[in-house]
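Working notes, structure below.
Here the chain labels run A, B, C and D in written order, and each chain numbers its own residues starting at 1.
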Amino acid sequence: MEKIQLPDIQAQRPNTNFKLTRVGVTNVVKQIRVKRPGREVILTPTINLFVDLPSTKKGSDMSRNIEIIEEIVERSTTRPCSGIEELAENMVKLLIKKHTYATYAEIELSSDYFLERLNPSGKKSVERYRLFTRAILEKGKIRKMLGVTVTGMTVCPCAMETVRAVLKEKYPEYADLLEKIPVVSHNQRNNTTIMIEVPQGYSIEANDLIEIAEKSMSSPTFEILKRKDEEEVVLNAHLNPKFVEDVVREALNYISKKYSDLPKETLVIVRSESEESIHKHNAFAERISTLGELLDCQ
Amino acid sequence: MEKIQLPDIQAQRPNTNFKLTRVGVTNVVKQIRVKRPGREVILTPTINLFVDLPSTKKGSDMSRNIEIIEEIVERSTTRPCSGIEELAENMVKLLIKKHTYATYAEIELSSDYFLERLNPSGKKSVERYRLFTRAILEKGKIRKMLGVTVTGMTVCPCAMETVRAVLKEKYPEYADLLEKIPVVSHNQRNNTTIMIEVPQGYSIEANDLIEIAEKSMSSPTFEILKRKDEEEVVLNAHLNPKFVEDVVREALNYISKKYSDLPKETLVIVRSESEESIHKHNAFAERISTLGELLDCQ
Amino acid sequence: MEKIQLPDIQAQRPNTNFKLTRVGVTNVVKQIRVKRPGREVILTPTINLFVDLPSTKKGSDMSRNIEIIEEIVERSTTRPCSGIEELAENMVKLLIKKHTYATYAEIELSSDYFLERLNPSGKKSVERYRLFTRAILEKGKIRKMLGVTVTGMTVCPCAMETVRAVLKEKYPEYADLLEKIPVVSHNQRNNTTIMIEVPQGYSIEANDLIEIAEKSMSSPTFEILKRKDEEEVVLNAHLNPKFVEDVVREALNYISKKYSDLPKETLVIVRSESEESIHKHNAFAERISTLGELLDCQ
Amino acid sequence: MEKIQLPDIQAQRPNTNFKLTRVGVTNVVKQIRVKRPGREVILTPTINLFVDLPSTKKGSDMSRNIEIIEEIVERSTTRPCSGIEELAENMVKLLIKKHTYATYAEIELSSDYFLERLNPSGKKSVERYRLFTRAILEKGKIRKMLGVTVTGMTVCPCAMETVRAVLKEKYPEYADLLEKIPVVSHNQRNNTTIMIEVPQGYSIEANDLIEIAEKSMSSPTFEILKRKDEEEVVLNAHLNPKFVEDVVREALNYISKKYSDLPKETLVIVRSESEESIHKHNAFAERISTLGELLDCQ
């Protein structure tokens, strides 16, 4: 039997005259090898992939998107990428190459990411983070963002000082001790996100962003804490009370110092959300700015 | 045109000889009016509905399930139910009536539920809870469960005592004060679930279960807290430190006192989960038992 | 006892010099009455609320945000709002008024929303939709978006034509019938979102956006379908096959006709996502544009 | 400084007299190496871990649970387990050993799992599945369940026959063709779960359960389908229409044949849920039984 000529519906001209901004596939999950400094890492990212579509074309060739993902994944098993930003960059280049009609390509990847940490007593603890990247190729130029979300702990400075004032009123004879020790407050899980543009020719380490986020909260958290460790984390966090506003500003401070040599127009986003233990809702703070704006505030 | 005779595929005999335990619809969302003591409440429950299916029938008549829901919902607009257990009971009865082949019917409802609370300074605060019910009709007998999930706060007693010991070591001259005041610990959001069987002829108030859950945690939480309120909630919670294990036991204690006149075989489930502020994972405790077993421990 | 002077930590000067873009509360859930044409509607929105924060202020007064929500909710019980956009507008105005330091205020609301529909045989069916709004008050100007997400059905036109070609090859003697009837394809749940800016002085009905979304898919879906209805929905959907790209363009077409008298700079976002039955991932299409750009394509 | 004696709060006697059924940690996520036939697999399971707690002990030693997980994970990097059931078995044994007061131990693991498949044209496609296990150690006896959830496709047999009847009425001259070809119906994503007890001394392959689930649906689904593949999947699925009830029965049939040599009391659970394309809710079917009951129906 001769091969049937299959109709190409995607290539037809649509009835309307509207181009589309983003067309693609979402919620693709793959396992990928990435080479990080000194070790190989297995990520399981959720991937969204888009190109634009001209007004003259009814449909995008969506199966090509998945082929591109498979090709990059396959290639990564023999030659691991140096990071997910490189992976994302390779994908948007291939998207533009394979979708010949496209003038825009975008990819989003987000994945669990594991790192070894030392808890207060020096014991090893493998902690979970969230790692993500977004790359856009438009008019021949690539823009990439690298991001992390870190779960840590915040202690409320306002409740602490209110409690201190009340305790000092009640026990005036111990006023000096009550000034020296941290007093009770509410504390809770906090999720802090740092996203930073990775300008072409520069390189940013996700591990550095995680470190900045952890230093900016009242305390990092650990999977394994024996009694003495627990006491140190709790005491340390209370010596370091932070609003979500403080966490964002602290992170901005570290970022503007560490990345001061990046171009001024580099985009920086810092976001912190506390799952308030005394409320059923969350507290939230965010700054979106260029690195230049941040440096002007130093 | 004459009416076409449509084939009845569901009524066909399947190739195999297997009966099915539960067949139905899930994730149906409806808005329902319920009459609570002194007020009318609007719930938006997610509903799952099942009957069994004999080995001789290929398919269940699923559209009937939705008609039953619509009928009960419609009826509730003119004659509000006295509670979601009554609603659930009405539904399983109708399920058995309309699915003539069924010997088993089950329904699950879960919904947001709002209650007014007074915060420490007496200001009104509308708090959100989760309300759910499950009813099973089997061999002519109905079994119903009523449940609530309440978000509150727990303070860790272990970290508090470890910190106290360390502070006393460091400030021996203030040992007496450090015994008197609550010292810092980790605290966090806690979700506590109470489910209790509602025996035929008895009635249980969801609001009572919510009250028990709130009394069993270190502190209830409130949407609105001015500075003085915040201080009271924080201090009160630290005067009342609780493991998840303590929360469950405290709730069991209240339940076995309040419902001591219910039949001994009444099923009781209490579950408490703390979103640990010092870890990325949760702490969990649970007791599943009959009321009789609980009463024997008093 | 005299009233203690409580410290005002939020008002302190922070160590750094960074203003913050958005500070507020997220994941607040409330029940609100809204007046829609001819009926009263109960919504249970999830609410996020933000203001900006100057570099000179350590913390935002977060409890005020919840008080604003409670005030508006309370007011809505006696005088229902005309819609959630009005509600959102009232909230951002109050936010700016109560946070005297703020130059920016933002609110996001999203809620389940129920509407009666008639299925093919004219039977009433209550369908669930998602309704949302976003209002921003900046430099004295308010910008509002109104949006809906509608679940319906898409049938793939590409698979249908490929199947048709194969069947015609196999049954050349029936080629004419195979041209006349819709042949099998894959079909699936589709979620289509329409967001449109509501310029000051204009009014847009959420129900109209829902109607546009439903007309733009292969078929709307219904909770109750008896056998004859089911056949009509299936056949109708297959007579109307649509890529996600087609759904977006169809909706853009309806929007540019219905709202042609709105200002040219009015922002329009249309997004369609199909939960592909033949894949584990989704297909996605989107257009973000001004109304003016759309009108230029007509 | 001498080492301070830290108080052991967990070991204290509680005020009440209630033992607890399950106490432990939930939502722990780790990366684990597992040896599958012919290859090494990286899983990222979410882990829940419990022991019981006697009435005489205030708290469980929760940090030990995480140490047990770390120990098993660590060991797996040098000596990969033969599967997640072995991993789960090792963990419950260690739980009982380290929590000396416990008479019950339980572990739940669930993870994404990737397998290569060949699409209709023989092209390789990496598909995503869900793999899970549960092990309970009680009174010296271990019970293990192994489970998979597989996403595939179902085509409704009822809608197809109703459409066929209507088309035959409309085109009586083509009645014979309309009997020969599959006609249009609704089809959609289906999630089918198979769980089976793994009796001590027996071994069950997760890949076999996945294969059974895929054979029981109207068609498996694939990430990559070129036009001809798509046509084959669609046509094949429509030649094989299935209610959720049919999917469950088909799977029960395969299971009772493949595992007929397992003990009669072996527990079997099969569940199928279709995300109905013509409705906003899902269709659901389930059978819970022993293998013996299934064999009696053959």
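Criterion: contacts are C-beta pairs under 8 Å (C-beta built on N, C-alpha and C of every residue); 3 or more make two chains touch, one makes a residue touch a chain.
Computed from a prediction, not measured in an experiment: that's the story for all the values here.
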Tell me which chains count as touching both chain C and chain D.
-> A, B
State the chain with the largest centre-to-centre distance from chain A, centres being mean CA positions.
-> B
A CA-based fit of chain A to chain C gives a rotation angle in degrees, as a multiple of 5, equal to 180
Cα centre of chain B to Cα centre of chain D, whole Å, reads 26
If you average the CA atoms of chain A and of chain D, how many Å lie between those two points?
-> 31
Chain centre separation in whole Å, for chain B relative to chain A (CA means) | 35
Touching at least 2 other chains, the residues of chain A are 6, 28-29, 66, 128, 158, 162, 166, 223, 225, 227-228, 231, 280-281
Within their complex, state which residues of chain C touch chain B.
-> 6, 28-31, 42, 44, 63, 66-67, 70, 73, 112, 114, 125-126, 128, 223-228, 231
What part of chain C is in contact with chain D in the complex they form?
-> 127-128, 151, 153, 156, 158-159, 162-163, 166-167, 171, 174, 177, 180-189, 219, 221-223, 225, 227-228, 230-231, 233-235, 237-238, 275-281
Which residues of chain A touch chain C in their complex?
-> 4-7, 9-10, 14-29, 48, 50, 53, 55, 58-60, 62, 66, 157-158, 161-162, 165-166, 169, 243-246, 248-250, 252-253, 273, 280-289, 294, 297-298
